[in-house]
Amino acid sequence: MGAAISTGLFSNALDIAALTARLSDPRAGGILTFAGTTRAETHPAGQTLLALDYEAYADMAARQLEDLAESAAGKWGALAVVVHHRLGRVEVGEPSVFIGVATAHRAAAFEAGRFLIDTLKASAAIWKKEVWADGAATWVHPVSGLDVQKSGEA
Amino acid sequence: MGAAISTGLFSNALDIAALTARLSDPRAGGILTFAGTTRAETHPAGQTLLALDYEAYADMAARQLEDLAESAAGKWGALAVVVHHRLGRVEVGEPSVFIGVATAHRAAAFEAGRFLIDTLKASAAIWKKEVWADGAATWVHPVSGLDVQKSGEA
Amino acid sequence: MTVTVRLFAVLRDLAQTDSQVLDVPNGSTVGAAAAILAERHPALGAWMGRVVYAVNLEYVLAGRVLVDGDELALIPPVSGG
Amino acid sequence: MTVTVRLFAVLRDLAQTDSQVLDVPNGSTVGAAAAILAERHPALGAWMGRVVYAVNLEYVLAGRVLVDGDELALIPPVSGG
């Protein structure tokens, strides 16, 4: 029986409850979800972060998210996989990305979940712009893992 | 600012959406949840699993779940932690346990989440009984990690 | 002195009780109290090598010395989650 | 031959376009096409060492040979999630 897979890029708010509900499966022993949310930040110069603004190379990213979900289903025998990413403006506290996986055992759920979010962040053709309270907006183009942390990623 | 902690043992169904909503925090960059669900099983003798029936040493387990949540908040700087466990009969497909954690960065969320569910399963004074379609009911008292897997854990 | 013994899951089913007050000599250890209990409930015998102990809601080792009024729980292998 | 070049995020802002058709010699590599693009948009110069490439929606190396009609994307460091 194949895995139930749902992936995509969406301009509307991610409905975490509805996405989590899609992961139900009588064969599942564990359901793991991870949501990346816009974290309140203060710029070194004192400005407050209002939101993140996401754009994507939509055709490529859509295919990448689908490939990711299929990899997780294949490698960890996931029964259901969800990988949804927001586009456009995501206010502080709101989710920009949701990944979820249902598996028979919990170790696989944690491993597959970590794979999904790590690989998405490292390779999906998606970019965010930080929008500050004074109107300034700066693209986030990390140099390394360390810079990713510094520039406000989850 | 202290972490928002919610823990306990409950006879009613776990409301995953409501529990997840408790993890929202503007300081959070990542929100991880894990639900352990009763997995459909077939006994080697051909019987079908109807449900799991959970009991606890309630006073002790309640304190353990609270200690677990506080440990996660302290060790990983979690902003919000939820650890809820069902008691009584949990039908196939239904969640028996929900853990959730909100952190500034995603690595901490995965580590804290894994700690919460692994430690709960290894040490909380909670037991389950397998209830089979023919009316047989057998306590699950695992001998080892391997036996845990064989006897139907997530 | 007396301690209250709590039994759960398979132990409760075998002993046909979930709680009982046990008379033990002053200064008894957890292990000694468990041995007295096992004498009274031979059905528990096969499980005594697989239980761990809690006193007043915290895990303890068998050498822990009990005091009057303690609540001693026999904890068979747990299976929550 | 011609290829369609796609630009995103900071590259699109700097080039003030998100897509353009580029004439390149037959048999050009991705790297050669990127160099032609950089000549036309000097503002991109500082970023050319930090981009990776995709052709027809898949990551490729700079040595990949283009064919007429390919869609070539310059991918600056990604920051989704």
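As written, the chains take the letters A, B, C and D, and residue 1 is the first residue of each chain.
Convention: a residue touches a chain if its C-beta (ideal position, glycine included) is under 8 Å from a C-beta of that chain, and two chains touch if they have at least 3 such contacts.
From a predicted model like this one, the values you see are computed outputs, not experimental measurements.
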item: Number of hops, chain A to chain C, where each hop joins two touching chains; value: 2
item: Distance between chain centroids, defined by C-alpha means - chain B, chain C (Å); value: 26
item: Chain B and chain D, separation of their C-alpha mean positions in angstrom; value: 49
item: Inter-chain centre distance, chain C versus chain D - centres from mean C-alpha coordinates, in Å; value: 73
item: Where chain A touches two or more other chains, by residue; value: 36, 106, 117, 153-154
item: Junction residues of chain D, two or more chains touched; value: none
item: Chain-chain contacts as defined at top; value: A-B, A-D, B-C
item: Residues of chain A that touch chain B when the two form their complex; value: 16-17, 20-21, 24-37, 39-40, 92-93, 95, 104-106, 109-110, 113-114, 117, 149, 152-154
item: Complex contact set, residues of chain B against chain C; value: 36, 54-57, 59-61, 63, 85, 96-97, 117, 120-129, 139-143, 148, 151, 153-154
item: Residues of chain C touching chain B in the complex; value: 6, 8-10, 13, 50, 54, 57-59, 73, 75-81
